[in-house]
Every structure is written in structure tokens, then in C-alpha cells.
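The following blocks contain the structures, represented as C-alpha cells.
In the two complexes that follow, chain A is the common piece, with chain B as its partner first and chain C second.
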Partner chain A sequence: MNIQDNYLKNKKNIFFSENKDIQIHREKLINIFENDRFDKKNNESLRNINLKNFIDFKYKYLIPEETAVINNNQENSYSIVSVNGQCSSFKDDKIEITKIQDEDYDDFSKNNTIENNDHFVNLNSLFLNSGFKIVIKKNNDIKIKISNIITDDNLTIFQKNNYICEEGSSLNLIEEYENKNNSTSNILKVIKLEKNSQLNHFLIQDNSPDHNLIITTHSSCKKDSAYTQKVYNFSEGYVRNFHYSELIEANSEADLQGIFFLKNHNISNNKTFVRHLAEDCKSNQVYKGILNDRSKATYFSNTYVDQKAQKTEGYQLSKGILLSDNASYFSKPELKIYADDVKCSHGSTIGPIDENAIFYLRSRGMSKIAATKILISSFINEELSSIDNEQMAEIIQKKLVRYLSKVK
Partner chain B sequence: MFLEIKDLSVKIENKNILKSLNLNINKGEVHAIMGPNGSGKSTLANVLAGKEDYEILNGRINFKDNDLFDLNIEERAQEGMFLAFQYPVEIPGVNITPFLHSAINSKRKRMNEEEIDNLSFAKLLKSKASDLGINIDMLKRSVNTGFSGGEKKRYEILQMSILNPDLAILDETDSGLDIDALKIVTDGVNKLKTKDNSFLIITHYQKLLDYIKPDYVHVMVNGSIVKSGGSEIAAEIEKDGFQKFQ
Partner chain C sequence: MNSETLNTLDSYSKNKYKYGFVTDIDNEKPKKGLSEDTIKFISLKKNEPSWMLDWRLKSFSKWKKMKEPKWANLSFPEIDYQDIYYYSAPKGFEKKPKDLSEVDPKLIETYNKLGIPLEEQKILAGVAVDVVFDSVSVATTYKGELEKLGIIFCSIGEAIQKHPDLIKKYLGSVIPPGDHSFSALNSAVFTDGSFVYIPEGVKCPMELSTYFRINAENTGQFERTLIIADKGSYVSYLEGCTAPKRDDNQLHAANVELIALEDAEIKYSTVQNWYPGDEDGKGGIYNFVTKRGLCAGKNSKISWTQVETGSAITWKYPSCILKGDNSIGEFYSVAITNNFQQADTGTKMTHIGKNTKSKIISKGISLGKSQNTYRGEVSFLRKADKARNYTQCDSLLVGNQCGAHTVPYIDSKNNTAVIEHEASTSKINEDQLYYCRQRGLSHEESVSLIVNGFCKQVLQELPMEFAVEAQKLVSISLEGSVG
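Moving on, here comes the complex of A and B:
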């Protein structure tokens, strides 16, 4: 079934189908698909994937409403179980959670600076069937943990989330994706940081081989705000991490980091893109990957510095270890600089594990396998030791041990 | 015989490096190998330690009644062989203390000895480091990372004193050391010497041999040992260079 047929068949169940403006926008998106015909050659968003899995998606509309659980056991700390992309409404004097509204969709689609040819973002807008919005109210310091649960096989979730950190607020957000269903989650998160706010965003991805996760975030930072994102991808299924940040007002910061651990035939596509649109802003984009067996990864990083964005500092780094001759990692860092007073750099190093280091460790009595494991751990040591949340550090450590146990 | 190298020929990337090399070392002896650049000294050290880049064309090596070629790199270390590297490898993110703790326990395990616990190991490490003038703070750092040339060599000797090998191979341990560091390093080596262990010292210069007295000195040229004798050979080389041996 082609995209248009699928859309028409399910239209009545898709969010905001009654909204005329949104309908017009969606028709435009269908035209993009019709004209582009998924030209894999020239489209970063389509690299390394089997399109059939995503075009002939199993669109089974079974999303139960309002089944999420929200706990607020500790002061300023919330635990949420989001079911099939949905979350119950909740409100207190610090946070507010609501179902996604027409205006949230509209707000994003009108201001969308994500390239139009990102087909997965467009599919998300076209087939939207779940989502919620969280607002952190002014000057509050909040911790939230969201467990994202998919309850059924053969389900395709098109989820949109809006996270808004109001002025002076601070949010520590941990999101877990650990699903074992044969299903696909296509999630777009639009994140807004108002003046002087801060968001530390951790994404832990650990899905089974049958679960596909396509996750896109679009964050925008106003004056003196800072967005930090750390992605830990241990999934055995396909994962796409595309993360865009815009520094729209002075003295704001974006730090986009990720580590992925691949094995078997697994594929991970990654992209970070920071647009510096104001003065005195800083950005950092660092992705590291460990690839075993026949796994494949891509990482595109991009820093755009507008001519207004003087005194920009923007750094990019990509590193990869290939544990097998059959693994591959393609990395492409880019800088586009239109201002003259900037400090920017990019670098990329990918290769097999350092044989001299292995020899050195073995010459002290360590087995080859133990030496390999210790070198893998050391490769990501900086990222692991910088996790200041004890509970999270423990979770990541356990997953790392599990990954290492399969390294031969 | 503790170490017996018989008729050893080795090549790397189609280049013959060692050519019918013979060398015997008994328990408790200190041997020095001197030779010009490119004579194959470091290749010999690497082949003994088990580096896999080389192709063994001919010959055999016995170490403590084992055919050395039957042992892989870590088994050789666990059997008591130790190579102090000419260029110790920097390994960011691998902390010195747990690495050395794991190394000593892998050796003890092979020897069917009880593993050393954290506390006893910390005490041992601290005491050995203090003997070598190594600052305790250095033990919190990553292996060789950000170390000066002298610190790296001192750290090699610290590892040697912890692992207490039966045969220690020192590959140009004197290179890059100032006179004070050389004295500390050689003192460390001399403290380890017993009648039960042996040393193979590879160097260009006699200076090192002023501090560590060898029982035998061998001259290595073009992949073979061309002359063997006592300390007088080192003095001869110091005076006339390697020219006359080539």
C-alpha cells in the first residue's frame, strides 16, 4: 500500500484530521513523498535502511487512551509510564502534562527548520497518532523519568512530544525505551527552553531486534539557557537518532552527545545539527560508536554559524571502534560558518582497536578478551564517568557489561 | 637452561630481521645486548614477548622448559616473562591501579597461588612506588597517559617490581632518561635482582651498564650476535663504536 492510500484509509484515526490547516500541510507532505519517491542516493535520512519496513508499515490503530501512570512520590520528582506514546493529563503547581493539541502541531510545522527531505519527520506529521506535552513551570527544579512502553506487536507509533521549560526552570529528564515488541516507534520531540532554563536530557535505548526506534528531537534555546542531551543506544533493533538544536538567543548552549553499541546485523543512523543564530553561544556534538560483527552506523554532524552569531564556540567529534572487519561506520562532520569571530572544530577517527595497546596489556598477563574489553570501556570512560546520576550510571554500566559479555 | 634461543630467524613484511640468532641465559644472570640502530634488538625483545607481527622462519626458543612458541602473549607473561617497553603505550581511560591488580592476579592464578586482595595490593603498590620515587597521585592516572618520557620508564619498572618476573627484558629503558631518572630506574632494577631471576638488557650505550652490571655482553649486528664476552666489550664499544663489528 502506498503512502497516500494508507493515509486515506486511516485518516479518521489520525490526530487533528478535522483541522483544515493541518490537512493542507499533510497534503503537501504527501506530494513530497510522491515527487521524491524515496531517493536513497541523495537522502541522508534513508541511508542503510530497508525502506520496505517503513513504507509498508503495520498501521494498527490500537492506542489506548489515558493509561499512563504518573507518580510524584518524592518532592520535585516524577515518574511517568507512557503507554503507546500516550500519557494521562496531570497538573500541579510545578508541571503540567496534557495531550498534544492542534496548536502544538501547527506551531512545529510552521516553524520547522528541519530539512523538508527528512522523510521520517514527515511521516510522523502525516500519521500522527499519539503524543503529549509537558510544561515545566517558571523557576522550578524538576526530575522526571519516563518509561516508554509499547504494549502490542504490529503497532506503529507516530508520536509527537512537546517539552517546554519555562523561564528559570531546570529539568533533569531520563527517558527509557526498552521494548521487545515487533513494532515501530517514530517519535518527534519539540523542546523549547525559555530564558535562563536548563534541560539535561538522557535517552536510554535498549530495544529488542524486532523493535525499530526512530527518534528525532528539535530543541530551541533562548537567552542564557542550556540543553544537554546524552543518548545511550544499546538497542538490538534499528535506531535512528537525529537531533537538531537551534541557539536562537545569546549566551545559550547545546551539547548533543551519544554512544552506540552495535552487534550482529544491527544498524544505527545518527545525526546532530546545531544552528548558531545568536551571539556568544556554545555547542558541542560528540558521538562515539562501538561496532561488532556486521553492524553498520552513520553519523552526520553539522554546525551552522549564522553571520549574526559572533563569538560562537562550536565543536564536533566522532569516534568509532570497529571490532570486526565486516562492521562499518560512516562519519561526515560539516561546518558552515558565516561569521568571522568564531572558534569551531571538527574531527573524526574510526578504526579497529589499537593492536599496540592490546599487546601491551597482554604482555602484562591479561587475556586478549580481557584486554579488548578494558580498551572498549576506556574508550567511553570519559562519557561514563561524567554521569552524575548514580542510579543511571549503574543502569548504563550493567548494559555495558551485557554488551561486553558478547564480545569475543 | 632458563632461556635458550637456538638458530632463530625472523622476518617482518618480507624483510629478514633476525638471522640464525643463538643466545643462552641461565638463572640469576644479567645479559646485555648492544648493537647499532636497526640491528634487530627490539625485534628480539618483541618476539620473546610474543608480538604477533613477526614471522618465525626457523629456530626455537625454550623458556623454563616450555617451548615458547606454544605460549601466547599473556601465557608468557604469566610464566614470568616481562618486557619493559622502549615506547610504553598510552592507554587513556585505563586506570593504573586496577590494571596492575588484574595483571598480578592473572599471574597468581596461573601459578595456582591465592589472588591478592584490594587492600594488600594497595599496600604493595604504594610501597613499590615509594621505592621508585613515584608520586602516589600518579597511580590514580591512566596508563602512561600524559606521562613524561622519564615517568613512563619509571612506571615500567614499577610494573616489573610488582609482577616480579623470572626474566625481565629491558628494551632501551635508558633512552630518554636524564641522569637522575636513570639512577632511580637502575636502582629499582638492582633491587629486584636475585639468584632466581634473570635480566636481558638491550641498550645502545655503556652508560646504563655502569649502573646495572652485566655478567655477559653480546654485540648484535644485522640480526645476529657477532661477539659475546664480559663488560670489557661494552667499554670497547664505548671507545670505538660498532663499526669494527659490522
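Moving on, here comes the complex of A and C:
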């Protein structure tokens, strides 16, 4: 079925299909799909995957029954269950959760200037069928945990979330994606940090082999705000992590980190993109990957420094370990710099586990597998030990042990 | 930024192109534009055998179906291929002069202005020079001495006549005409260039050098260079260019192919100083060059060194295909851009054989309103066991209107291969500047010293004959402030 028929057939299920402006925008998107040649070589969003499977899909969506927001009784701590990408509304003096509105569509979907040719974002805008918006009110310090549940097999979820941290607020956000059904989730998150706010964002991804997860985040930071993102990808299915960050006012920071553990025929595409648009900002992009069996991964990192953005510090680091002959890793750490008073660098390495280190451990009586496991753990130790949430650290440690048990 | 720095920047950007002059020589040209007739005309003029004409026509038909590659970080107006002369040779050059005294004195004068008097150079440098003035080889010196060793060093046109077997075997073997539109274009209309063949076991005793210039207005230069190093041989090849000042953009699409067989080594050095356009970005040369080397045999080595200071647009990626086991590829580059220059340059290392090694050192310096991009690809294929790569690319920004970009592509499909890549971008270090000033150096001298130090890793890779010239060029690019 072509994309237009697919859309028209399911229109009543799709958000904002009555809105004329959005309708016009969507027609443009349909045109893009029908006319694009899908240039695999130059379009980063197409690498390693067969886009046809994602365009020629069978649309299926179930509207969930109401879900509850549970205040954990602990102060300032909330846990939210999102079912099929939706969440019931909630309001107290600290946070507010609402359904997304027509005007929320415009953020990033319509005004997507960075990535015009990201077909997954375009698909999301076109078939949008779920999502919610969370606002953290001024000067609050909040913890939120969101569990994502999908109720049926073969669902196609196109979700959009908006997170807004108001002035002086601080949010600790943990999101879990652990799904065992063969669904496809295409999630776009738009994150706004007002003056002097903070967001620590953890994403734990652990899906079954036939579950596709496509996450795109777009964060923008105002004066003195800081966004930290940590992605832990243990999924056995396809995962795409594309994260954009814009530093739009002075003295803001963005820190995008990720670790992925791949095995079997798993594919993971990763991208981080930081745009420095104001002075005195800092950014950091660190991705580490461990690839086993026939897995494939890509990592694109990009630092853009505008002419105005003097005194910028932007760092990138990407490291990959290939455990098997058949694994492959592609990395493209890019710097685009238009200001002169900057400190920018990137480093990228890909290789096997250090033979000398293995030899050292084996000469002290350790088996080869045990040595390998120790070295893998030490490779990512820096990232794991920096997790300040004990509960989180425990969950991740468990998943790591599970991954290592399959390493031979 | 203090006023002294601003003054320095000012003088950087006002520094004029020294070699801007035009030699007035009657040119014999075909009609403008590209068609089968043009290609037949070129082939006829060069007295080529029919298989060569067929090869050209085949390339032309490929070119017609192709589009220019658009991925580079460059912006330039559409090139009108029908508004270019594809062949220009000074009159009476169908018969080659036997020695320098037969050469048009005006030509000799041109080279004198450039500071490379042929006759002196013969004696002083001991360099055999294959001079290309526009499209026809003017004089080839030191031929006799090379012939004794069995080395073939001549223009490609001559090689097509005299060594058709080698040409048939190797031409287009590293850069197939259908690779991309500029290689197809070059294959269709190339007029001259150098051909080098080093026989088995011969170490070429001198640096081979070609000096070519673009002279006639609206004439694209389509050089084709082919270097073959047979088993166990060694050759070092120098290429340097300067061009007179013009307002019309001139197109240059050269192809350079290197082939190193077992245990052979080729060192290819380039100093490029073509007219970059004036302070307002008007004029200048469009340089779309394809350079590729094939390490075909075991233990072979290819090393590219380049100093790029000229051209309005530079699109150049000297690459190595490391096919033989234990083969080595190296790439050293300094690219300086000023005013409105745009450079998108880098390399491509493709590791196919076992234990192959590659090293990339790239230094980019941006001044004025220029854009300088490093674009490099390193890929390890499945069978490249124990392959190794080290890449370092540093950029220096002088002034806040220029841009420095780094776009590396790193692809590993082998789990024993190790790849390391690092890059940094910064401005001239204030502490270093302060240190130099403290010790009594002027601001200009300090900047010069720091920039020279920044480039040293690459400049020291150049052969002696070239090092002086390269340093001069770097200085000229910074003249008035850091000389």
C-alpha cells in the first residue's frame, strides 16, 4: 500500500487530521515520500536498514483505556505508565500532564529545519496517533519514572511527547522501554529547558528481537540550563537513537551519552547532533558500543558552532569494540565550526579487545572468556559508575550480566 | 581580540597573489564546448591510435549520463561545460622542440618570473622536469639519464604512442572512467600529463618533477598522470602548480593514478598554488582532482603529501587502496584557505589486505572568509586482518568569519583491525603567542612561528627539493604578517 492510501484509510485514527494547516503540511510530507529517491549513501537516517519495511507497513493502533499517574507517596516522585503511547491527564502544584494539542505538532515536526530528510521523523508527523505533554512547574525538584507498555502485537505507535522544564526546575527522568511484542514505536520527544533548569534524562531500552524502536529527541536549552541524556541500549530488536540538542542561550550545556550492546543480527543506528548557537556553552557527546555476532551499528556525531558562539567547548568521543568477525561499525564524527575562539575535538576508535590486556589477565590464571568479560565491563565502567541513582545502576548491572553471559 | 591581531588579520587577507601575469602566446584552439567532435579533434591533434579514441568516446558517453557529485561542502555556480575550450596548445607544437633553445622564449620568461628557470634548475636541483604549458609537454629534461636505468618518464601522449601495452593495461585501472562525473570527463578529454614507469628493482635516483601552469583563458586543464612502480622499485614524484591571474573561473579536473606492485614504493608530493580569486572572491580556479593509488602488491607503499594554498575551489581526495598484504598508505596534508576560498579535501584509505597500515595527518588553516573542510574515509573490509589506521586532523582558525569542518567516515568490518581517529579545532593559542612575544619576537613572527610549527609534521615529509618551495608558499599565504 502506498503511503497516501495508508494515511487516508486510517485518517480518523490519526491526531489532528481535521486541522487544515496540519493537513497541508502532511500533504507536503506525502509528496516527499512519493518523490524521494531514498539515497541510501548520503541520507544518514537510511543506513543499514530497509526503509521499505517501514514505509510499507500495516497500520494498527488501539486506543488504550485510561491509565493512572501514581504519586509514589515519596515526595516529588512520580511514576507514570504510558499505554500505547498515551497517558491520562494529571495536575497538581508541581507538574501537569496533558494530551498534546494542535500547537504542539508544530514543534520540530513542522519546524524541522535540522533534518528535512529524516524519513522517520516525517513518518511520525504523518501518522501521529499518541503522545502527551509534561510541564514541570517553576523551581520544583521532581523525579519521574515512565514505563512504556504496549498492549497488543503488531501495533504501530507514532508518539509525540513534549517535556517542558520551567524556570529553575530540576527533573530526573527515567524512561523504560521493555516490550516483548512485535510492534513498532516511533517516538519523537521535544524537550524545552527554560532558564536555569536541569534535566537528567535516562533511557533504558530492552526490547525483544522483533520490536522496532525509533526514538528521536530534540532538546533546546535556554540560559544557564543543562540537559544530560544517558541511553542504555540492550535491545535485541532494531533501535534508532537520534538525538538533537540546541544550545540557544548563553552558558547552557548539553551532554549526550549512550552505550549500546549488540548481538545476533541486531542493528542499531545512533546519532547525536549539538548546535551551539550562543556563547559560553558546553557540549559533550560520548557513545560506546559493543558489537558481537553479526550485529551492525552506526554512530553519527555532529557539533555545529555558529559564528556567534564564541568560547564554545565541544567534545566528542566514540568508541567501538568488535567481538566478532562479522560485526561492523560505522562512525562519522563531524565538526562544523564557524567561530574562532573555540575548543572542539573529537576522538574515535574502533578495534578488538586489547590482546595485551587479555594476555596479562590470562597469565594470572583467568580464562579467556572471563578476561574478555572483565575487559568489556571496564570499557564501560566510567559510564556505569557515574550513575548516581542506585536503583538504576542495579538494573543496568543486571542487564550487563545478562549480555555478558552470551559472550563466548 | 586586540588591535594588533586585527591588523595581522587584515594584512593576511590583503596579501595579493604574486604570480598573476599572462603570457601572450597565440593559441590554437578547437571550438568551445564538449561534443564527440571535440574529442575526435583532440584525438586527431594528438595523433592517437583508434583504441584510445574509442576509450575516450566511451568515457564521454558515460559522462553524459552522470551528474556532478554534490556531497562536498562547497558552493559554486553551475559549471557550463559547453563554455570551455578543451584543447589549447601553443602553435607549432605538433613537432616538439628537441631542447630548451627551441622553446618559445616567452615561455622561458614565464618560468623565470615564477622563479623556476629551467636551465638553472637542471643544474642546481638535478631534477628532470616535464613541463606542461597548457596542454602540450614543452620539454623533458634529464631524459637520457633516466633512460639508462630503463625508467620511462614522458608525457602521457607520448606514452600512448610508444608504450601502448602499459597504457592499455593500467590506464583507468585505478580510477575507472565511470567512477564519477569528473573522472569520466577527464577520461574523455584529457590532453596531457605525465607517464612514469619504473622497472623492476630500480630505485629512481632523482625526484621526478612536473611543473604545469594554466595559461590560456577559459581553458580547462585535464591532466592525466599515470605512475607505475614495478616490483621492488622506488620513485618520488613532485607536482607543483602556479597559474596567472584571471577573472574567469577556470576548470581543472585532473586524474592521477598510481600503481605500486610488490615491494614498490611511490612518494607523490604536491604543492598547489593556483590563482585563488581576488579579495572579493572573484575569479580563481576550480580544482576537481581525482587522485588514487593502488597498492597492488605485497609490502608496497604509497605516500601522498600535499600543500594546498591556491584555487578558489579545491575538491581533492588523494586515496589509497591497500590491496596487497602488508601494504602501507600515507597521507600528509596542509591546506590553507584565505579570502573566499573553499577547500574540501581529505583522503580515502580502503584496507583490503591483511596487515595493511595507513596514517593520515591533516592540517587545515582557515583565514579571512574561507571554508576549509577535511573529509576522509577509512574503511576496513572483512579480510583486512590486523589492519591499522591512525588519523589526526587539526584545524586552526584565524578570524571569526571563516569556518573549519571535519567530516571523517570510519567503517570497520573486521574485528582485529584497529582504528584511531582524533581531531581538534582551535584558534592560535594565546599562551604560545604570549610566550613568543615575551622572548622578543614581533606579533607577526610569533604567528608565523606557530603556524609553521603547526604544519611541520607535514612539511617535513616533503622531499628536500620541494621543502623550500613549500615553506615559501606557506609564508606567502601568510605574508605581510608572518612572512
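Please note the rule applied: the second predicted complex is superposed on the first by the 395 of 408 C-alpha atoms of A that agree within 3 Å, B and C clash if a C-alpha of one lies under 4 Å from a C-alpha of the other, contacts with A are read in each partner's own complex, and residues count from 1 in each chain.
The definition used in the following text is that contacts are C-beta pairs under 8 Å (C-beta built on N, C-alpha and C of every residue); 3 or more make two chains touch, one makes a residue touch a chain.
Only a predicted model underlies this, so the values are computations on that prediction, with no experimental measurement involved.
Participant: Put chain B and chain C onto chain A via the superposition and say whether they clash or fit.
Facilitator: fit
Participant: In the overlaid three-chain picture, which partner chain does A:Glu382 touch, first (chain B) or second (chain C), both, or neither?
Facilitator: The answer is first: A:Glu382 touches chain B but not chain C.
Participant: Quick one: chain B or chain C, who's touching more of chain A?
Facilitator: Between chain B and chain C, the winner on chain A residue contacts is C.
Participant: Taking the superposition on A as described, I'd like to know which of chain B and chain C A:Leu404 touches: first, second, both or neither.
Facilitator: neither
Participant: Answer with first, second, both or neither: which of chain B and chain C does A:Lys368 touch in the superposed model?
Facilitator: The answer is first: A:Lys368 touches chain B but not chain C.
Participant: For A:His346, using the defined touch cut-off, is the partner it touches chain B, chain C, both, or neither? Pick first, second, both or neither.
Facilitator: Only chain C; A:His346 stays clear of chain B.
Participant: If you stack the two complexes on chain A, which partner ends up touching A:Asn356: first (chain B), second (chain C), both, or neither?
Facilitator: It touches chain B, and chain C stays clear.
Participant: Which angle, as a multiple of 10 degrees, do chain B and chain C span at the CA centre of chain A?
Facilitator: After superposition on chain A, the angle is 70 degrees.
Participant: In the superposed arrangement, which partner chain does A:Ala250 touch: chain B (first), chain C (second), both, or neither?
Facilitator: After superposing on A, A:Ala250 lies clear of both chain B and chain C.
Participant: Could you tell me how near the closest CA atoms of chain B and chain C get once both structures are overlaid on the shared chain, in Å?
Facilitator: Chain B and chain C, overlaid via chain A, are at closest 11 Å apart by C-alpha.
Participant: Is there a shared patch on chain A that both chain B and chain C touch, and which residues make it up?
Facilitator: none
Participant: Using the touch definition from the top, list the residues of chain A that touch chain B in their complex.
Facilitator: So the residues of chain A touching chain B come out as 354, 356-357, 359-368, 370, 374-375, 377-382.
Participant: Taking the complex as given, what residues does chain A use to touch chain C?
Facilitator: 42, 307, 310, 320, 322-325, 327-352
Participant: Chain A touches which residues of chain C in the complex?
Facilitator: Those residues of chain C that touch chain A are 71, 382, 395, 397-427.
Participant: For the complex, give me every residue of chain B touching chain A.
Facilitator: Those in contact with chain A are residues 49-52, 72-74, 76-78, 82-83, 85, 88-89, 91-94, 99-100, 102-104, 106-107, 110, 142-143, 159, 163.
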